[in-house]
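Each of the two complexes below includes chain A, the first together with chain B, the second together with chain C.
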Partner chain A sequence: MKARVHVTLKPGVLDPQGKAIAHALQALGFDGVNEARQGKVIELDLADDVAGDPEAVRARVDDMCRKLLANTVIETYRIDLDA
Partner chain B sequence: MKSAVIVFPGSNCDRDVAVSLERTTGHAPLMHWHGDSALPEDLDLIVIPGGFSYGDYLRCGAMAARAAVMPAVRRAADRSVAVLGICNGFQVLCETGLLPGALMRNRDLRFLCKDVYLRVETTDTIFTSHYGPGQVIRIPIAHHDGNYVADLPTQCMLEDEDRVVFRYCDAGGKTTDEANPNGSLDNIAGILSEERNVLGLMPHPERLADPRLGGTDGQPLFASLLEALS
Partner chain C sequence: MKARVHVTLKPGVLDPQGKAIAHALQALGFDGVNEARQGKVIELDLADDVAGDPEAVRARVDDMCRKLLANTVIETYRIDLDA
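This part shows the complex of A and B:
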């Protein structure tokens, strides 16, 4: 089973890199980009003995996010599971 | 005063701070490899040095904060052992939760390597008793991610509890936006833990603690520790 973790800055946390991306898009002629927010995607390939009940897997990946993958002071995360 | 410097793969200010400590205390600190989970019980000071631990992978300080030695650092901090985190060390301490808030990419996205002015906001600490209240000092910075952020309740708590130790300022001591090199909240350059035994700061006092390096404004920090911990 694969888990995909999307980590993004919390709303309200200033994202200097996202701001630079939005400026660059504007410079390239792409009007109408109100805001860009940069995040990261972490893909996990989970061993068969870990994968199983989706809810248990989700809880486990959630634990990984809180302990390492995201800094919940400034970041929020979303977990997608692929069977 | 017995001190240890934690060394991670990618630390690069560990020897600088060791020199400053040895010159101040007369004793070389223990250089402790991060993979060794056992720290001596009789330490007075633990330093998390500057550098780029683990290549800044995932987030600055994130991997180092989960290193084998860190539970021992946390237990020592809980026993009121002094802990000093400089630059990457500050990032590590925020990642461990020993200090509140986080350090993000600099406001203008540039790596900054220059001297800045700092105002000493409190001398009621074991780290700054040898400075004067409001004293303006010149200390180098060298970082890409020194933009301190915290939510409003945390900011108020730090202010109310006199836990902001250094603020970026101009030569006259004014904490203006122009004097803020990296966009840090409220010009914050260094903060204390609730128990006041853990200090994290982005600037490098160990880099200006010898006249041959062009200044000694960092030296009183080490002298303060020596007096408090001997």
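This part shows the complex of A and C:
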């Protein structure tokens, strides 16, 4: 089973990397980009013995997010499970 | 209109960041993670005058990906458009 975790900065948190992207796009002639923000995606390949009940898997991945993958002070995360 | 670009390393390309995540998860007691890979998400907020025909917007964002957002030698990208 695959789990995909999207980690993005909370609204209002300064995102210099996103600002750099927006500037670079403008410099390349792409007008009309109001804002760019950059986040992370982490794709986890979970062993079959772990992947049983989707709710249990989600709870486990949520635990991983809170303990390692996301900094919940400044970031939010979203978990997508693929069968 | 919002566009979300997912940039991930092609299969087979070494991903040290992903490996570090997998090791750290194991060290924290999360067994059963076969592999972890890390990619980027770039959220673009496009001005309304740019956002017309979805196909045109997609072509434009595709152009941004090839010119700046993704390194197509080692990365693949996927574009999601939100109305």
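Everything below uses one rule, namely that the second predicted complex is superposed on the first by the 83 of 83 C-alpha atoms of A that agree within 3 Å, B and C clash if a C-alpha of one lies under 4 Å from a C-alpha of the other, contacts with A are read in each partner's own complex, and residues count from 1 in each chain.
Here is the rule we go by: contacts are C-beta pairs under 8 Å (C-beta built on N, C-alpha and C of every residue); 3 or more make two chains touch, one makes a residue touch a chain.
Since this is a predicted model, take the numbers as computed values, not measurements.
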**Report entry** Contacts of A:Leu68 with chain B and chain C, given as first, second, both or neither
**Finding:** both
Query raised in the report: Can A:Leu25 be said to touch chain B (first), chain C (second), both, or neither?
Result: second
Query raised in the report: Just chain B (first), just chain C (second), both, or neither: which does A:Arg37 touch?
Result: second
Requested in this report: Check whether A:Glu55 is in contact with chain B, with chain C, with both or with neither, and answer first, second, both or neither.
Outcome: neither
Query raised in the report: Is A:Val13 contacted by the first partner chain B, the second partner chain C, both or neither?
Result: first
Report task. Return the residues of chain A at which the contacts from chain B and from chain C coincide. Result -> 67-69
Query raised in the report: Which chain C residues qualify as touching chain A in the complex?
Result: 6, 8, 18, 21, 24-25, 28, 30-47, 49-50, 60, 63-64, 67-69
Query raised in the report: Any idea which chain B residues touch chain A in the complex?
Result: 58-59, 62, 66, 94-95, 100-102, 104-109, 147, 149-150, 183
Report summary line: In their shared complex, chain B is touched by residues of chain A numbered 13-14, 16-17, 20, 67-69, 71, 73-74
